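Multiple structures follow.
Paired with subunit B in one complex and with subunit C in the other, subunit A is shared by the two complexes that follow.
Let's look at the complex of A and B:
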């Protein structure tokens, strides 16, 4: 009823392999883009930007990156926090060394550097799989955080050991530092998220995505039909690292402004992004958005309900928040182990037949 | 090129060309266990070559040697007249050798279409950046290869399950999808490891028809392992018989059927 693909005929293979093969989806996608680019920047304020929109956009990029690695290529990684830190520190060093270069280039370069670092730590994946690989990437997490803490060159020998984003502008509009208007920071992140999502979708629907999924589903069979496992795994690490690096750079430069590595990019960050990917749905770009939205929004919603509606003390709500988020994650994984993306697919199946389910 | 001097035409009018693949004195050991002992045989262009033998005879090991999973300790593999250096399985695939597995090795999380499309990976050369932008070569290749894949899908009569995830399919169809994936690679040599294991008579008939059609229409050289003697004798042009890692017979189905060593291996023989 609300959702139909009947009568939506394809006459070429290009049409059949496009990102949104169903017209209704396509229209909705353009509407979402129009609202995100054309409407929200005019309505945004500091609270919405900092509490919800910026973290959502940035975590979505990180979740897409990790989803490519874990969901598409099947290589478990617990090093996301560390890789985000690489992006952040690369961006910081670039910003301070080349102040006149555009932030767009800095963020992309930071992503590229993180991609290379990610490939380096992905090398063990050629020999080890599953939990053992997870432990190996955990080593990356701790090593990278230690490195950024202990080598003063990375934080430009500042006394506090922190890195602070200097004020930078794009086309005359300030986008970093405390004076940046919220709509500008929002748009900057949104542009990166849109580009990342499109690139991720293109990669995963084509040859590259198929060789990743082949490696994920059955590596022996993948090798026998001609997938070079070394190349497939390392490109997955590189592409994933690029996205995670971009998100790390944005997280530091646009969102936080000042970063202490152990606090901002610790192991909890790795788990947070991994939860987003698992709750959202492994092997789904939409799932990355859904997972990021879920874990960013849930604490905010709980806080609003607890403090503003029920009138509980703030500290109790803060503690309850952790308990409830944890419980919901467990609940979700039991009810729908394939994540929100699967829930969405099931809902679409149901809606197609509604209100006559037979 | 292949030496075509001793090519011949079969009774049903197919041309069998020169030797495509030759195994020379292959010996494969796992520690103290000798899986294959000094076996030589060849596969000719355009023929259906069967490898049979009782359980544990080393047939699958032989196929694994051909497809590069196992490296034999002794002996040499000649492909299209040239000795083949030691290769990884994906390099063997790039040479034009495709195979199916005894217990289905499909990508369960992907649709049938995507599974068959993976067979085209070696023919798609667009770089990562082109793919990221979905422009130029990437888009063109995707469409061209999709056309070819659709032909294979039509050929094997699996159009109706194109977009179904492979994990949901019944066993017989999975076997067919696996064959489709191997065919999509347009192999010069197709290895089938027990394509009819666990099938009922009807499914076996379908599969036999597909194998014959593949061989007939595309001229694909096929080497297959099979336990169903009726099928093997009907399908194949020549048969290798193995037992305990040794070759005990080699020839046309009729020759093999009347070979005393083969009869002994299958029926057992009194040891006195």
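Let's look at the complex of A and C:
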């Protein structure tokens, strides 16, 4: 009744091609932004920031990055953990080498460096596809983790091989380290997520995104109609690497503060982000958010319900978590192979017809 | 039905909600994952000792204790979640039992002014209390452990290790890398060769490392392992017929579950320790009587007397004694985390105190001070007897190389202080 195109007249091309053509969607988008920027920073506490919101925001960026590569360009990657590590270590080296430079610049540079590394490991994609490419990126994952463990220059020769984020600020507000206020860390990540999402959304619905999708759907046909596969594939790797690098930098500098490469950026991280993308929905920006929320929030919710509310032993709850999350993943993949984003799309279709379903 | 469920949930929430007057001790445990074999007995020992205090003595200084358990799975992200969710409940002291989580929490606990006790793990240079005001690692740390191993080898080889080779098999993480620096120093000092063999998490795959050991035939193998890695390493050592008496683990690689799976072949395997082993202590009778027999034990009650159970109980005892000290200093039973920190810094453990607690000779006598958060660093050696399935102490608790360790601690802690803008000094 209220969710429909009818009556919402567009009088310019700009209006016609905007991101959210339906008024209700548009309003909802601005409300979400207003709440995220205007309300949550005033209500947030340490627990909400560090346990729930920061991981959600950061994994969302990573999921958007991987979604561009896997969902839009069709290049399967299992190297996400390794690429996040590149972002984290790049950010660490930049932070310690240039302490007076703003964190904004460090994070963006870390993303850029990761983009370059990602392009390097994306080169084999020109010759190999599918499972074989997955194996090639898996090699990247193991190589990068090994590299950061092996070469002491990356961790500034510290005895433990860990990297620790020193205290850095943005416009005088402390943003990393233990004294950073939770609203500041939250806003910092939120700004990056918002920018990344806007850029990703606009890239994917323009020429670039269309050439990625053409490559994904059938690369030979795409080549015949004039899409340059070298360019399309490598730009996908570059853009995806940039986003994943930004998320890795934030993951280390803002969220954890101290990182050990094998533990934080191991193969499990690659799978986690891939699951987010698959559960959320391949080829959908909203799906990246939904997948990240699902896999970040569900364990916390289960833990709160099991341990704090029901008072069960912690090990039973931890085992149940694995069982429930696993079962839900299987359930979703059977019932809705296109992920949470498809559920949302179906809901929107229903809303358009409601209350007259026929 | 819906109404019923809500009331049920509400009731459960009220029952489980924190009672603010209690002394809250969070237990960041791990009973799942590849490190659970070590995490379970430690968590059981930690929990059972506080239950014993509640049941037998009515808490600490008349104030009941409350243990809040949170499952970390040895994972730093979950560790952060656990820290944030428990710190609001008035947590007095954190003991994460993970070096990775410790590194994460050092800046956080300092900012929140909550003490953290990393007994025999964590960041070794935290022994310098002038830099690490809220972190304690008494009574011994990794570098004491490394030096203790070398001292034992020196002693059993007539004081000379020149030209010998020691291979270090270590968990490739912050934990496993911690002793390398000390062992390198000691290698130059005593003239032995050191080879390092990293094993990646979780440590089930060690064929190549042991192949290298078989090829290079080092005189001794030292292990810095944890979780499933220990069992695998001991099995592999047995497979290549490496003499077990030349194989020494750190205290995290020397529990019953590590050696049992290798059966009779593990006989003679050694490990260093900083506390006593076995269940011949009066305190265990009390635990049996007040905790296990009344059905209040944290686990199945079958872990009592195991190395890691003893260690968990020892950690709880040190925390409880520090709480008592803090109550004495501040004249109140209901202490805050900041008071707890003062109590830990003024902690005195002597023979009479330990005997009164039912743990005569269980650990070393020591005093904590602002300058020294690390305790005396006395290290003993235990050996496994596969026949009787027991660990037994084969050497006294001996001094370690304070000269080498002290200068390394100074160097590492001053580097940390300058990195983080900390002015070293006592408050």
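Worth a mention:
In the analysis below, the second predicted complex is superposed on the first by the 355 of 358 C-alpha atoms of A that agree within 3 Å, B and C clash if a C-alpha of one lies under 4 Å from a C-alpha of the other, contacts with A are read in each partner's own complex, and residues count from 1 in each chain.
The working rule: a residue touches a chain if its C-beta (ideal position, glycine included) is under 8 Å from a C-beta of that chain, and two chains touch if they have at least 3 such contacts.
The structure presented is a predicted model; accordingly, all values stated were derived computationally and were not measured.
When both complexes are superposed on subunit A, subunit B and subunit C end up sitting side by side without clashing. Residue contacts after overlaying the shared chain place A:216 against subunit B, while subunit C stays out of touching range.
When the shared chain is aligned, subunit C comes close enough to touch A:264, but subunit B does not.
When the shared chain is aligned, no partner comes close enough to touch A:9: not subunit B, not subunit C.
For subunit A, the partner with contacts to more residues, out of subunit B and subunit C, is C. In the superposition on chain A, A:131 makes contact with neither subunit B nor subunit C.
Distance between subunit B and subunit C in the overlay is 33 Å (nearest C-alpha pair, rounded to whole angstrom). In the superposition on the C-alpha atoms of chain A, no part of subunit A is touched by subunit B in one complex and by subunit C in the other. Residues 12-14, 16-17, 199, 202-203, 206-208, 210-211, 213-214, 216-218, 220-229, 235, 239, 283 of subunit A are the ones touching subunit B in the complex. Partner subunit A is touched in their complex by these residues of subunit C: 9, 12-13, 15-16, 29, 31-32, 36, 40, 69-71, 73, 75-77, 80-81, 84-85, 87-88, 99-100, 103-104, 106-108, 110-112, 123, 172-174, 177-178, 180-181, 198, 200-201, 412, 419-421.
By the touch criterion stated above, subunit B contacts subunit A in their complex at residues 67, 69, 88-90, 93-94, 98-99, 101, 105-110, 114, 117-119, 121-122, 124, 126, 128, 131-134, 138-139, 141-143, 146-147, 150, 181-182, 185.
Partner subunit C is touched in their complex by these residues of subunit A: 46-47, 50-51, 55, 149, 159-162, 164, 166-167, 177-179, 255-260, 262-264, 266, 300, 303, 307-311, 313-315, 317-319, 322.
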